[in-house]
Structure formats: C-alpha cells, structure tokens
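Some structures are shown below for you to check.
Okay, so chain A shows up in both of these, paired with chain B first and chain C after.
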Partner chain A sequence: MNTTVSPLAFSLDGSIAALFVVLGLGVMVSRQMLGSLRFFMWQSVALTASALVLADALQAINLLWVALITFSTKVIAVPLVLRWAAGEEIYGRREVDQALSISASVLVAAILALVGWFAVAPVLPILHGTPFALLNLPTGLIMVLWGAFTVALRRESVAQLMGLLIMENGAFFGSIAIVHNLTVIAEIAAAVDVPIVALVIGLLIRSIRRVTGTTRVGGMDTLHER
Partner chain B sequence: MNASWLPALILLMPFVGALLALLNRRAAPYMTLLAAAITLILAILAALQVESHGLLTGTDGLFALDALGALYLLPVSFVYFTSSLYAIGYLRARRQEHPAGTPPRYREYFPLMNIFALVILAVPLVANLALMWIAIELTTVFSAFLVAYEDRAEALEAAWKYVVLTSMGAMIALLGVLMLYYGTHAIDQPPTWDGLLKAAPQIPAPLLLLAFVLWLIGFGAKTGLVPMHTWLPDAHSQAPASVCAVLSGVETSAALYMLLRIYPVLASNSGVHDPAAWYMAAGLITVGSAAFMLLQVHDFKRMFAYSTIEHMGIILTACGIGAAVHEQGTVYQLFAHGFTKSLCFYAAGLAGIVFGTQEIAKVRGLISRAPAVGWALVIGTLAIAGAPPFALFLSEFEILYTGFRTGQYLPTGLLTAFIVLAFIALAYQASRIAFGEPATAADGRPLPKVRLPRTSLAAMAMAIIPVFIFGFYLPPPLAHLVHQAAYLLEVHG
Partner chain C sequence: MTALWTHFALNLAQVAFLLIFAPLVEGVLHRLEEIIQGKRGPSIWQTYRDIWKLFGKDEVISEESTWVFRFAPIVAFVMPMFVVLLIPALTAYPLFFAFMGDMVAVGFLMAVSGFFVALAGMDTGNVYAAVGASRTHMVGFLAEPVFIMVFFSVSYVANSTIPYFVNATWGASWGSMLQPSHLLVILAFFLLILADEGRIPVDSAAGKVEIAMIGHSKGLEYSGTSAALMKWGGTTKLMVLALVLVNVLVTPWGLAQHTQWTAILAAVGLVLLKLLVFVMVLALIETTLAKLRLFRISEFLAVAFVICLFAVSVRLVGLG
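After this line comes the complex of A and B, so read on.
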C-alpha cells in the first residue's frame, strides 16, 4: 500500500473533514426538518468527496465504489425514499422540537468531540499504512457520538432518523481511511441496507402520523413500569 | 447432495416462503409453515455435517458454519417453525379484537416473518463480518412492522423505540466491525471469525479494545444489556406472541452471539487485560437490574421480556467466568434459552386470549379456565427460572458450581443472589396468574370457556418437548456439537 501521499490530498481531506463536522452540527441543531435533511445530504456529499480524495491518493479502486454508492444512496435515494414513504410533510418548513437549547446542544457536542478524540487517540499511532486515519477516524467517531446525541436530543421522528443516518456517515467516514477493501458483496449489501432502513423507518413515520396525527415522537411515553 | 449447498438452501427457503406468501395471501400461513419446516430439516442436516466435519463452507467462501453457529442455527430454525405454526390460529383468534375484523397488518405478517427469519438465519451462516453486521441490522428493520402489528399508538411507540435504540446500537457497532476489518486485513487474514482469531495476537490491543467497546455498546443495545434494554419490554408487551417468541428466543441472541464470538479474540491478545471482567461486569449489572425489575412488573409479557434481559446477562457473565463453564454453561444456556423462551411466550399469548388482558393484577385461575395453557405457563416459567428438571437448570447449575469451584466467589455469589431473586419473582408472578379463583361475570356466573386455536396449542406442545428432554438427555451428536462449540469459545495456543 502506498503510504506517501501528497500534501494537497491531506489538505483537501482536512478541509472536507472540517466541512463534514460543520454539516453534522447543522443536522444536530437545525430547527427545520427540511434544513436537517439538507444538512444530511450535503454531509453525504462531503463523505463522497473524502472517498474520492482517498481513492486517488491511495490508488484504492474500491473507494471509488464507496463514493458512488454513498452518493447514489444517501444523496439521491434516501431523500426520494423518505418523500415516498413518510410523505410530503418532511419537506414542509416546520420547527423541530428538541430537548435542549441550541447553545446547550453545542456545548454537549463539544464535550462529545473531546470524548471521541480521547477515545481514538491511543489507536492513531499504531495504524500503519493509513495516513488519512489521523483525520478521518476521530472525525468519524465524533460523528457517531453526535448522531446518537441527535437521536436523544430531537423529539421529531424525521430528525431522529437524520441522527441515525449521520451516525452511519460517521462510521463510514472513519472507516474509509483504514478499510479500502470491503468485498464487493459487502459493498453491495451496504448499498442496499441504507435505503431499506430509510424506507422502513419512513413507513413507520407515516404510520405514526396516521395514528397519532403527528410525526412528533417525543411525547410517546405511555409504555413503562408503573 | 453436496453439503456445501446447505447454507444457501437454508436461506433460500424463507425467501421463497416470503415470495409465495406475497403472491398468495390466503395460503400465506401454510406457505410460511412449509418453508419453516424445510428450513428446520435443512438446519438439522447442516448441524449434523458440522458435527462430523467441524466446518461447513459454501458458495466460494460466502458461507461458513461452525459448531457454535450450528448450535445457534438449531433454535432459530425450530422457533421459526413453531412460531409459524402458532401464528396460524393465534392471529385469527386475535382478529376478533379488531373492529374491521382483520388487523391492518395481517397481510404483511407472513412475508415479513419469513424475511425476518431469513436475516436471523444469515447471522451464523455468512462468513464475512460486515455481512453479519448487515444481517443483524436488517433483523430490526424487518421486524419493526411485526412489533407494530396491532397498529395502535402504543404498538407504534414500541416499534419506534425498538428501531431507534437498536439502530443506534447497530451504527455504533458498525465502526467496531470496520476497525476489526482493518485489523484482519493488516495481517493478511480474511474478515471472518477464523481470520480474526488468527490475527488476534497481532492486532494492536488499543484498536481491538476500542472495537470491542463499540461492539459492547452497539450489540449490547440489541441484546438488551442494561441500560440499553428499555426497548425490549415495550416491544414485547405490544408485539404478537408469535413475534415475541422469535424476538426474545433467538433475535436478541444474534447480537449476543457476536459478543460471545469476540471473546476468544480478545483473550488471545496479550495486550488486552482481563477481558473477562468486562463480560462479568456487563452481565451482572444486566442480571441484577432485570431481577429487581421482575419484582415490580405488571404485565406478563413484559415479565418474560425482563427474563430475557436476565438470561442475556447470565450468558455474558458465564462467558466471563471462563473456559471451564463454556460447554455445559455458556453455550448450553444460549442453546436452551431459545426453546424455553418461545414456550413462555406461546403460553403468554394464549393466556392473553383467555383473559383479554396482559395485566397480572387482573388475571387469576388460568389453570381453571384453560388447563393446558395454565400448566404450560407454569412449566415455561419454572423452566425459564432455572428449575429442575429442565434444560436451563443444567446450565445455570453448572455456571454457579464452576464459578465457586474456580474461586470466583464475588461474581458467582452475586450471580447466585440475582438468579434466586429472579426465580422468586417469576414463580410469584406465575402463581398469581395460574392459580386462584378465576374471575366471574358480573352476575357471578363463571366466564364462558374460550376456544383456543389448535395450531397454537400444538406449537406450544412442541416447544415443551426440547425444554423437557434437553434437561436430562442430549442425543450424542448434539452433545458433541455442544462440546465443539465450547471449544471455539476457548483460547488455544
């Protein structure tokens, strides 16, 4: 594996990682469902771009497939599937409830970023032959944590779904720097998995709206021990 | 027939079952039953092959079934079959509760159940770690609408919590899976269990530990480990009993299967200090919490869901106790739990039909009103609580005995206390349901007899057989398979 890469590739990937983080923060704090969805789509574009940069820098053909699959599933298929499954409401411009204020959310996000960094720091020096891991792996883990926090923070079903999807983006952003060789069958399966998840959760959102009259899931807490 | 085709055929059957169920809605229950019956036969044949040859591979390395996988495959295919039989009458009986005569999701049930079974069956059959992760992720996706079968606000709430919590877990586990992918690739090993074990001593310990922590949180959510367990009682209180049997009996074990298999990988790496402590801590917290929750439970389906949480914790703790307990403890508990828990839910589902409620406080005298269901509930509860002469008694006794024998007094003492507490709670709750004077009608006359579906009674009777027989007799090939499976959890060399 070629481990000497150009400084341009590093700076490009660094810029993309920064953009990836900012867009993730956008998904987390956006007050509108449409905004949240758009931030997710642009974040998926950033993931595609990172895969392309790494494919070129590392001469890893498989990462081209990852880029193609990411773009076609997350930027194109997921919004279409959601529109079909969950209905037009997700494209309506409406406010999204969340459990914390934006400033408190950003503070928690900063703490989670530190946690993510410290968790992955001992691993970075031992990842041989993976020059981009220093950028991508901490960024990816931070996004996984932010996605989980988004799910906990948001009370809207669509916004919670966006949290799940940025967790997946985070996992792939981190792993493309260390794994360039997923087998074709695993790549195809991963490509099919995301739209299926979006489809089923979209249909569930539609059912929730039909039965309860809203896509707000924060108030669904009738099931517990007395 | 060439045995290498067996894994592909096992997965083909539920796929064909789903297609036929979609094409002919009227025959869907019977097509599902047929597909499940053939799957069970094929799974037994595959397990026999593994028992003879140690490993069954197929389709250019796409599939690899070893003894531990085969031992998990058997309860999965058995519960798929009995659940399909149970659902035929049970879902019809439940129809009467709906004003329109048919629940809105009745037509979707059988195709979804087949696909759900397919992805669970894929977990022990596929060789590649990434494909295993995808299979586990899809178990949630394809069972979401089975949990939401009743299409009420409560059922949708349960389904939403289930999907969100377990999908979050899956995303966390994904990063761990891909880290292990790197770990095997860097040492020129394939991303399979065998490759991972061979690579384990050379994978950098911090990487392995980080991947494991991600697995423990991620797959732990799916397994129902405390504190990520909250979806489990909610989903089980709302899903039909035929779905609960699969969810509790074998689906939660799919993620636990992953956590068990990573144990020898961790233990083979000298840089990972005392992985057993992680297993014992996570297991004991889970068992202890579940035991206390069993005391305050008010719904009998939730009661069995907490019992599942308890058992996941027992198996994890047993894994941590060590190699001496694997054969008759860890592995056997994983195997026997699937059969036993399905029996509990089959009885609970029929009790729900008899009483029209799942509230423990509102039901009395099940044995008087429906003796077969009442006794099945008592047997199921005693079996799942670990009473003799049932299968789980053997494994729980072995775990505790070995724990004390090897000097692990504190974890084993705690485990004993929690198991005893759970036993008391389960026995107390089950006795309230089964015994006593049944409720009467407003005019004081006995309530009319409820006609119970024969297929559901037959499925319940079938589920009792392994629960009882495996308590004192294991056929020699199965005993050998258990031995081989335990060997896979141990560290060699």
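After this line comes the complex of A and C, so read on.
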C-alpha cells in the first residue's frame, strides 16, 4: 500500500474533514427541517470530496466508485425519496422541537467531539499503513456519536431520520480511509441501503402522522393501552 | 528617505486607505444587497454624500447629556485608525507600530470604542438607546468566549498573535493554508464579525424599528458632525474587521512585499478586490437569512464557540 502521501492532499482532506464536522453540527442544531436536510446534503458533498481526494492520493479506483455512489444516493436520491414519501412533513413544516435547548446540545456535542478525538487515539498506531485514518477515523466517529445523540435528542421523527443519516455518513467517512479495497458490489450494497432506509422511515413518518396527526414522536412513550 | 520615514509614510498611507475606502465598502454592500433584492439601490457613493451632508449640518446636544456623549463619536472614529496601524492592511512586512499590539490589542481597542458608544447611548436618556446598549453588551458578553478561543487557536497555530506573523505563517504554502484548524478559525471569525457588526442574522443594519434594534439604536441621538463621525467610524470599523479577515486569515497574500510605490498601489487594488469578494459574501448572507430572535443569538454564538473548540482540539490531537 502506498503510505507516502503529499502534505497537500493531507491538508485538503483535513479541511474537508473540518467542513464535514461543521456541516454535521448544522444538521444537529438547525431548527428548520429543510435547513437540516440541506446541511445533510452538503455534508454528503463533503464526503464525496473526501473520497475523491483519497482516491487521487492513494490511487484507489474503488474510491471513485464510492464518490459516485455517495453523490448519487445521498445528494440526489435521499432528498427525492423523502420528498416522495414524506414531502408534506419535511417541506411543509418549518420548526422542530427538541428535548434539550440548542445551546446545551451544542455543548454536549463539543464534549462528544472531544470523546471522539481521544477514543480513537489508542487505535491509530495500529493503522500506520493507512495515512488518512488519522483524519477520517476520529471525524467519522464524532459524526456517529452526534448522529446517535440527535436520534436520542430530537422529539421529531424527521429529525431522528437526519440523525440516522449523519451516523451513516460518519461511518462511511471513517471507513473510506481504512478499507478502500472493498469490491464495488459491497460499496453499492452499503450505499443503496441509505435511500431504502430513507424510504422506509419516510413512509413510517407518513403513517405516524396519519394516525396521530403529528410527526412528534417524543410524547408517544407516555401513551398506553386502555 | 530613511527606512523610518518610509515606514511612517506607509502607516499614513494605511490610515488614508482606510478612511478613503471605508465608505465605499459600505456603499457597495448596500448597493449589492438592493440589487440581490431586485431593486436598483442607492449609488455606491451614497455613504460619502451622507457623511459630507452630516458634516455641514447643525448639531443638537441634549442639556441632560454629559461629556461622554460628545466624546464617544471621537473614540468611535479614532479606534479603527489605531487598529489599522497594527494589522497588515497593505504591506506584508511589519511596520513600526506592528509590535506595539497583537490581535488581543485589536479586540481591546474595538472594545474601548464599543464601551464608549454604549455609555453615550445610556447617557442621553433615550429609552431605545439604553435598551440597545444593554442588548449590545449581552451580545458582546456572549461573543467574548468566542473571541478568546479565536485568539487562542490563532496563537496555537501560528505561535504568535501578532497579525503580521499569523499572515506569514498561513501564507507560507498551500499546505498551511488548508489546515483544518485554519478553516475552522476562519468560519468562527466570520460568525464573530456578523455578531460584532450587528449584521443579519444577529441584527438588521437596515432595520428602522427602534424596538427591534440591537446595536444601531445607540446612535439615534447624534446629529451633525457627531453623527458624521459615528457613521464614518462605523464604516471604518467594518472595513478593519474585514481587513483582518481577508488579509490575515482568508487570503494572506497579495500584499506589498517591498516599499516601492508601485507595489503599494498594486496592493491597494488587490486588497480592494478581496474586500469586494468579502462584501459579496456578506450581501448574500444578509439577503438570504432571516434575523434571529434575540434569545436565539446565544445559539448562534454557541455554534461559533464550538467551531473554535474544534479548531483547538484538532490542533491538540496533532492533526491540524
């Protein structure tokens, strides 16, 4: 494996990782549903860009496929699927509420980010053959943690879906640096999952709304059978 | 001409550059915003005309006010001129005031002017000015940790807070330009400028309703020469912050490398071009975003704070 990469590619990937984190923060803290979706789309663009930089630096053809698949599924397919399955819920509603205030959740996000940085530190020496793991692995882990946090935090099914999607983005962001020799069919299998998840949850959101008249799922745990 | 006198002349050129072009920057900003909104908008020279007109008008000062009210416009006008002596406005090499203060001093000088303007607002007894002053300080209070974190991360990356050194550190190569911590600091500093300058989404500079104003209601009582100084000082303040952003953080190149006049003139053109790009971005943000509710400004600044925290932690774990 080629372990010598140019400092420029490394810095470029670092900047993309920084953007990836900031856009993930946008998904977490934006109050508006559509804003959240747009942040997710831009984050997927950042993921695509990172895959392209890695493909160039490591001369890995597979990563070009990853970039293409990511772009077509996450930037193009997911918004289309969501518009079809739950268009009214996502494009009609503006504000979403959540369990914690945004300032508090931003602080929790900061702590989770620090946890992410330091949790990866012991693993990194093992991965010295994969130079970009240093950047992508902690970034991906942070996004997985944030996604889980968003799912737990938001009382809104659509926003929880966003949490799931950024978790998926994070997992991809970390994995493209470690494993870039997977066969294309595996990449396709992993990536096609995403629009399907979006579709299933989108339909679920629609049926929840039809039954309860709202997409707020936070209060549902207090319901009980008569 | 000795080196000392050359540097002195260059310092004067920096101040003159600031004073002459600051109203133009604001004029272009207004014009662009109106164009984006589908209107024709005022001429880009309108701010010059406003300032000229105000200098010719009589001044009315309330009998209830004290010396603070008369003194504040002078402070607000002079402070950005001090700041421009400390930052690389036209030259890439340090001039002789460069080592008298660093970026913390820049923040301090800005805070002095903000403090006097807020005091003057309360001094008049105008209800809205007092509300505006307290709101400005609320925003300033929330922005303080972000300011400190920006300085901290800048000094951590460049090993210095002297703007000329920071400029040289980041301008050295593409590799150093594209560091993640650099990118994050730029973002956080841009959010800070929006908050500090009272721009949308924090405050609406074009708003005319006093009750909704944050910073802009403090100058309501001024007239004549004082109003002109406040207006001119406001434009130079925006331009100074923009200069720090474009010359130190975003594009640390294109400045004069030696003392020849041709190099300085080329730098004037290039810096104005950079400022034009900044103004375009600002106009785009101002016209596409809505103003935040007052109690949501803390969220806006919390995001800026966390971005700074990333910048430091990225550096801390040895990636940036």
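We adopt the following convention: the second predicted complex is superposed on the first by the 220 of 226 C-alpha atoms of A that agree within 3 Å, B and C clash if a C-alpha of one lies under 4 Å from a C-alpha of the other, contacts with A are read in each partner's own complex, and residues count from 1 in each chain.
Going forward, a contact is a pair of C-beta atoms (placed from the backbone, for glycine too) under 8 Å apart; a residue touches a chain by one contact, two chains touch by 3 or more.
Given the structure is predicted, the values throughout are model-derived calculations rather than measurements.
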Chain A as common anchor, with chain B and chain C clashing or fitting: fit
Partner chain in contact with A:160 - chain B first, chain C second, else both or neither: first
Which superposed partner A:126 touches (first chain B, second chain C, both, neither): first
Which superposed partner A:61 touches (first chain B, second chain C, both, neither): neither
First (chain B), second (chain C), both or neither touched by A:76: neither
First (chain B), second (chain C), both or neither touched by A:115: neither
First (chain B), second (chain C), both or neither touched by A:147: first
Partner touching more residues of chain A, whether chain B or chain C: B
CA minimum distance (chain B, chain C), superposed complexes, angstrom: 18
Touching both chain B and chain C, residues of chain A: none
Complex interface listing, chain B residues touching chain A: 62, 128, 130-131, 134, 137-138, 141-142, 144-145, 148, 151-154, 156-161, 163-164, 167-168, 171-172, 174-175, 178-179, 181-182, 185-186, 191, 204, 206-207, 210, 213, 233-234, 237-238, 293, 296-298, 302
For the chain A and chain C complex, residues of the former touching the latter: 7-8, 10-12, 14-15, 17-19, 21-22, 25, 29, 101-103, 106-107, 109-110, 113-114, 117-118, 121, 134-135, 138
Complex interface listing, chain C residues touching chain A: 174-184, 187, 296, 298-299, 302-303, 305-307, 309-310, 313-314, 316-317, 319-320
Residues of chain A that touch chain B when the two form their complex: 119-120, 122-123, 126-130, 140-141, 144, 147-148, 151, 157, 160, 163-164, 167-168, 170-172, 174-175, 178-179, 181-183, 185-186, 189-190, 193, 196-197, 200-201, 203-204, 207-208, 211-212, 217, 220-226
